[in-house]
Amino acid sequence: MKVGTVAATVVSTISHRSLEGKTLLLVDFEGLDGQPTGAYTIAVDTVGTGVGERVLVLDEGSSARHILQEDDAPIRAVIVGTVDAVDRAPAAS
Amino acid sequence: MKVGTVAATVVSTISHRSLEGKTLLLVDFEGLDGQPTGAYTIAVDTVGTGVGERVLVLDEGSSARHILQEDDAPIRAVIVGTVDAVDRAPAAS
Amino acid sequence: MKVGTVAATVVSTISHRSLEGKTLLLVDFEGLDGQPTGAYTIAVDTVGTGVGERVLVLDEGSSARHILQEDDAPIRAVIVGTVDAVDRAPAAS
Amino acid sequence: MKVGTVAATVVSTISHRSLEGKTLLLVDFEGLDGQPTGAYTIAVDTVGTGVGERVLVLDEGSSARHILQEDDAPIRAVIVGTVDAVDRAPAAS
Amino acid sequence: MKVGTVAATVVSTISHRSLEGKTLLLVDFEGLDGQPTGAYTIAVDTVGTGVGERVLVLDEGSSARHILQEDDAPIRAVIVGTVDAVDRAPAAS
């Protein structure tokens, strides 16, 4: 999975039934320093997020299909959650 | 998925039955700024598009096979739609 | 597989049942010279590791699901072990 | 799929039965400008091509296995055709 | 597949049964010019090779599992052979 920020909504004319009604969001991945990298993917939103939010993206077809509970959905990347924090402190022992 | 612009039609001699009759288009992916990146893939057209059009490409074999409704098609990337807009405004609340 | 160092714990709000209770760690991959590269992934911890530890990451969905013994877990990358050494000496003959 | 030029034949000692007798070709991928990029893969030849020819490479395991009609062949990339032209002219309307 | 040179043995504490007893080798991929690129993967050895040898790496989970004859091994990359030569001469006609 990768962390990124939703940068745009993609408005598209898609004729395939299984993509109808799904929100496609363009996510700008961030680097280790928390800054945007310019690398992106377009993912299906499953959590009701939007432009400006920091999200967790899962990029694997089988996983995406499981998340969406659609065995044959032609989808590879999904937004699976929002990111509250990336905590760099060592775990307390 | 990725957004890109169709840059060329690929004319190829392919001997495998399941690729016959399919249009192969070279898609130049765009970056976050909407400019071409020089990275590309060759995808099967499923929507009747052509050179110069802005399209949405899905790059995963299982998805491609579902889109084409061919369980065993040896294909990885398909053009699944045309892009009308990449809307960067935050969603109205 | 890749070698990297755990750089952070990711705190996320995820609504999907199969990701609940799992620790998500951000792993900074190291290069051939053992230095961090800035490339990273977010992986599910399966060995009880934490920030600062050097780990082995397996990045393939089917493998991740097997490691977790969950046939339909929507997960792609898992930490499968800790790295004790990367030994560059030729094998004794 | 990607377009590239066959740059070399790989001579290898492989002990796995399902790779025996197959020709492994090193393909140098070309960029959007038709120039070699230095990125390459080693693919199984299925069309009887050779050094210097411009080919189409399909890089996905399930597809490769279907092309070779071997359900369990441990192969990921195959040369599926020769490229006759990459035509950048817009389609006639 | 890719060509590379075995650069190190990885000594790791892995608790998963299906990885026990397997030799993990760090392979430094070479570029088209035969020089090391600094990109690497950690692969399971299936041919009895070691540091300094030039090898062929197959990087796909399903293929790796077939090579190892373990249907559920959590492994993605395997060393499938040693490279004797990369022959750039055009095939004799």
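Chains here go by letter, A, B, C, D and E, matching the order in which they are written, and residues are numbered from 1 within each.
Convention: contacts are C-beta pairs under 8 Å (C-beta built on N, C-alpha and C of every residue); 3 or more make two chains touch, one makes a residue touch a chain.
Since the structure is predicted, the reported quantities are computational estimates derived from the model, not experimental observations.
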Geometric centre distance via CA averages, chain E-chain C, whole Å: 20
Distance from the mean Cα position of chain E to that of chain B, given in whole angstrom: 32
Two or more partner chains touched - positions in chain A: 61-62
Topology of the chain contact graph, where touching chains are joined (line, ring, star, complete, other): ring
Cyclic chain order - from chain C, heading first toward chain E: C, E, D, B, A
Of all residues in chain D, those that touch chain E in their complex: 7-16, 18-19, 24, 26, 28, 36, 38, 40-43, 50-52, 61-62, 72-77
Chain C to chain E touching residues, read off their complex: 1-3, 31-33, 46-47, 56, 58-64, 66-67, 78, 80-91
